[in-house]
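Take a look at this one; I'll ask things after.
Lettered A, B, C and D in written order, each chain numbered from 1.
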Amino acid sequence: MPVTRPPTRFAYLGPEGTFAESALVSAVAAEEGTRQPAPSVAAALAAVRAGDADAALVPMENSVEGSVPATMDGLADGDPLLITREVFMPVGFVLAARPGTQLADVRSVASHPHALAQTARRLTELLPGIVPLPATSTAEAARQVAAGELDAAVCAPIAARRYRLDVLVDEVADRSGAVTRFVLVAPPGPLPEPTGNDKTSLVAVVGDRTGALLELLGEFGVRGISLTRIESRPTRERLGAYSFSLDCEGHVGDARVGEALAALHRVCDDVRFLGSYPRADGRENKPVTDVSTDAAFAEASTWLARVRAGRP
Amino acid sequence: MPVTRPPTRFAYLGPEGTFAESALVSAVAAEEGTRQPAPSVAAALAAVRAGDADAALVPMENSVEGSVPATMDGLADGDPLLITREVFMPVGFVLAARPGTQLADVRSVASHPHALAQTARRLTELLPGIVPLPATSTAEAARQVAAGELDAAVCAPIAARRYRLDVLVDEVADRSGAVTRFVLVAPPGPLPEPTGNDKTSLVAVVGDRTGALLELLGEFGVRGISLTRIESRPTRERLGAYSFSLDCEGHVGDARVGEALAALHRVCDDVRFLGSYPRADGRENKPVTDVSTDAAFAEASTWLARVRAGRP
Amino acid sequence: MPVTRPPTRFAYLGPEGTFAESALVSAVAAEEGTRQPAPSVAAALAAVRAGDADAALVPMENSVEGSVPATMDGLADGDPLLITREVFMPVGFVLAARPGTQLADVRSVASHPHALAQTARRLTELLPGIVPLPATSTAEAARQVAAGELDAAVCAPIAARRYRLDVLVDEVADRSGAVTRFVLVAPPGPLPEPTGNDKTSLVAVVGDRTGALLELLGEFGVRGISLTRIESRPTRERLGAYSFSLDCEGHVGDARVGEALAALHRVCDDVRFLGSYPRADGRENKPVTDVSTDAAFAEASTWLARVRAGRP
Amino acid sequence: MPVTRPPTRFAYLGPEGTFAESALVSAVAAEEGTRQPAPSVAAALAAVRAGDADAALVPMENSVEGSVPATMDGLADGDPLLITREVFMPVGFVLAARPGTQLADVRSVASHPHALAQTARRLTELLPGIVPLPATSTAEAARQVAAGELDAAVCAPIAARRYRLDVLVDEVADRSGAVTRFVLVAPPGPLPEPTGNDKTSLVAVVGDRTGALLELLGEFGVRGISLTRIESRPTRERLGAYSFSLDCEGHVGDARVGEALAALHRVCDDVRFLGSYPRADGRENKPVTDVSTDAAFAEASTWLARVRAGRP
């Protein structure tokens, strides 16, 4: 195994000052390299594929700032990439303004339309009568505030810090607790070591037959593997085929997960492995039953060898 | 069965001039009633729940203009609502300007950030050097063009018509063929009649056990029912529970679908029926096998009655 | 429901004095009617079909005296019959002789070849040097002893009593604990009432496809029903078909069992219901899970009716 | 691999002149070794285990002459043995007498009680008024006829030849077409080479849980393997456990069968491999689907190795 240099040049879904940058900072120590915002998920992934970045941090689920389908599709199509890490980032919007500004002084407010949608009720209460303006991103809104073009922005805490704004109201989402799941994506290379609490992501394409999904999931079920996410995806190009984006518990290096993936490789029209990486949502995988441990697989393999040699 | 007045007051995800309005127009003859834009999916659904609208048209999948999770969650939570119709709408962006404007004259362009993302490459080719501006919606961009505040908008054809703009370039999406699925949502009431080519939507909540999803899907599989969509959904409130949003082929009035749903009602922690309605994606359901037809269920029911009466 | 006269004329697999008669005596109070031995299982079943007997007691599993396949096939083919009861009978062979005979006096011993096989080692110890003789039944051997034609018989306790023989050695089976399961078979008619601890028997014929058995068993599995016996049976007449003889827990009057059987009726090439009757092997059925009770089915049915009426 | 001497000393379920000897003769060329009748299945298996015989031929299914459960249990318990061959033998009874005897001269007839049961109707027609006598085996009846102790015997053709009897009536079974399946059983040692049309036999013990059998069969189903026989067996010693005797298509050397057996070894309480051997019932295994071939497994294994090495 060649020595692998850790990634030092990171791309992320920009612009600067959004939750994606926060997630990248939380995932990678600040001093570890350079961080380059990309205008879109596709651009971030393209930078990795082109070798212009060593890894890219992009949103996968439940995102506010960007489009998850773009990540799903961007990983499913094109040259293979690997998820090496997941990062869960609370999406806590703040209302930020230039230092010295009071809430009562605010006459204009802006943010990304999605953020405006998620804070609509609170903004009406806080800033009655003010029609919020759109911005291309929450961070751009913050930048405009810093530049004096606007009075206030709905943005991420990191944007407030970056543009030296004060936080007027700390938590302005109408519904608290939103979290976005980001993934760090790298070119093919050595997988993260199993930690005992890992996830594996993949995309599987199956024929459009009754029961095809059931068969696919059966390959996990018989091996005692739990799914943590499943989503059917439209397959643009191929009529009569269904594509599923899946996360399961475990690492492809685990015997049960490896055998399940090999089975999928056989029975599906197509399987793309997207990576095995430490689980980071603060939950523990379900305990692996005795019959599904690596030891159980190894023992069964030894037994089978004996049986085949006529020494049962 | 009481006589049911057809809906006449429609809400839709606004603003006016977006694809949602196009979809509503295509679903409901123009003269059939009033159309009221709502500022959000939640607002559109709330209007129906409050009795302020008879039905709401909201995006469900793959949307450009709005947030699909908002629809999923909006239907899964709160008072029950029923999907009575689905509408598939091609998402074809145009570049529109005031009559007389030439492409070479365009100095500013705006749209909703999502639309800008989906047309970024083409805009760079068509309008090199011009930085696109954000708008709260594609239609709002068109309005601004009509008002002379901007030179061009990336918007839906319906917005160009509504604001009497000329289409400078007809198809400016970087990737063609995008389609959004909208659903028409009404208060509880008589279901659409089975047509022989229907879909049924539901949300099922199951405990977080290995194999729980497999069991859930088994209820469809044993009755010969195909799924057309499945998506695991995070359940905010309930740790240890998983929620799945599903569409299957068939109508709840079909014996096989009815029995499957009743089974889910038994084995799941919770099931919410979201409607049975004609399939509208231009595809045909897979043929129902002989053993899964209503006639087969009726015959089996008759046989069982004989068996229970001791006359096998 | 017409008043049903309980059966009073019983046939059983003869001859008199075998375990089948013991089982019949244990199943039916002595004074309850007449008992007629039949020369074969087929003859006993034919007597019921012809109306010459009201019920027949025949061995089903693990028999010593007779052929179980004869019962399986005899119930699966021909006019329908119903199992109304099962009886488990310990098969405890005794060595019997005329009163006054000592073990040391015994110079000849006989029994049915199966009984001789099951007592071979003990007979060699008890009666060294004596070659056992065959008889057409264990009871016939006892009769020959009573008639003075032989010195000793290996037979059932009931035969020793019937022919007024003394038991020289009480338990002469080489391996103790054998039990034969008998069933009482009647013409079609009202089923035994559910007792809460019942079994249901059936024969199912499925096409010879990979996975056909799995599908069949899936109908039980999804409804939380346990099997207590399964046996594939060769189907003489029909190439490409497989026949399975099954017992499951529960009564066809139970909602879950009824729905499972109706499903089998749909998906199998053929299903023959053989009866629901009290479990008599001294074990309790596994507890019915909350989601599989009659109440759960009834509640689901009510829910489905509401859903179909548009009142979810 | 050491050179393996083929077996030369054969035991079989005796006595001489029964269908088991016919089956052995058909399985092994006459000159190939010695053939020793054993008084019981248990004795035949014990001879192999003790090294007194190289192999034993015993009935497995549908037998007339002997007890199939004895074979099932004899293989499931005790030191491991391997089935190396199966032989299907038509069970065609003849009515045999000394040369010169006419049917009208016959005053006495004997056979094993099972054979008498299977020929009862025909014997009544052919020999009205004559009560058949029991013998310990069909061959013993033939010997008695040859010895002049009886006039006629119902026996196997091989017994008539062996005792130089004439066949008075060629086919006297009431129901024609009966076939017994015999198996040749050897000590552990090199398995028969795969032929492309093989069967594999095993015994699996599972806990007494609802769905345990379904899980067991799922291991075959997901790998595209068909069962040809299944039978639940009472487990004497272990309450709360179920034992299944199974035959499936394919050879343990096949990737799909090997992986399925290894899986059973993991998930079952106990699995005993009973052998892989050429299918001999005149049928062909179902075609192996493309996704279940050895090539497909090998390709999937290669793919998995690449994935694990980070080169998807």
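In this text, a residue touches a chain if its C-beta (ideal position, glycine included) is under 8 Å from a C-beta of that chain, and two chains touch if they have at least 3 such contacts.
Please read these numbers as outputs of a predicted model, since none were measured by experiment.
Q: In how few steps can one go from chain A to chain C if every step must land on a touching chain?
A: Between chain A and chain C, the shortest chain-hopping route counts 2.
Q: Just give me the whole-number Å value for how far the CA centre of chain B lies from that of chain C.
A: 58
Q: Averaging over Cα atoms per chain, report the distance between chain C and chain D in Å.
A: 25
Q: Identify all positions of chain B at which a residue touches two or more other chains, and write them in rising order.
A: Residues 218, 221 of chain B touch two or more partner chains.
Q: Which chain pairs here would you call touching?
A: Pairs of chains that touch one another: A-B, A-D, B-C, C-D.
Q: Quick check on the complex: what are the chain C residues that touch chain D?
A: 39-40, 61-62, 67, 69-70, 112-114, 116-117, 120, 132-137, 140, 177, 208-211, 213-214, 217-218, 220-221, 224-232, 234, 236, 244, 286
Q: What residues of chain B sit close enough to touch chain C in their complex?
A: Chain B residues touching chain C: 80, 82, 188-191, 215, 218-219, 221-223, 252-253, 258-259, 261-263, 265-267, 272-273, 291-292, 296-297, 299-301, 303-304, 307-312.
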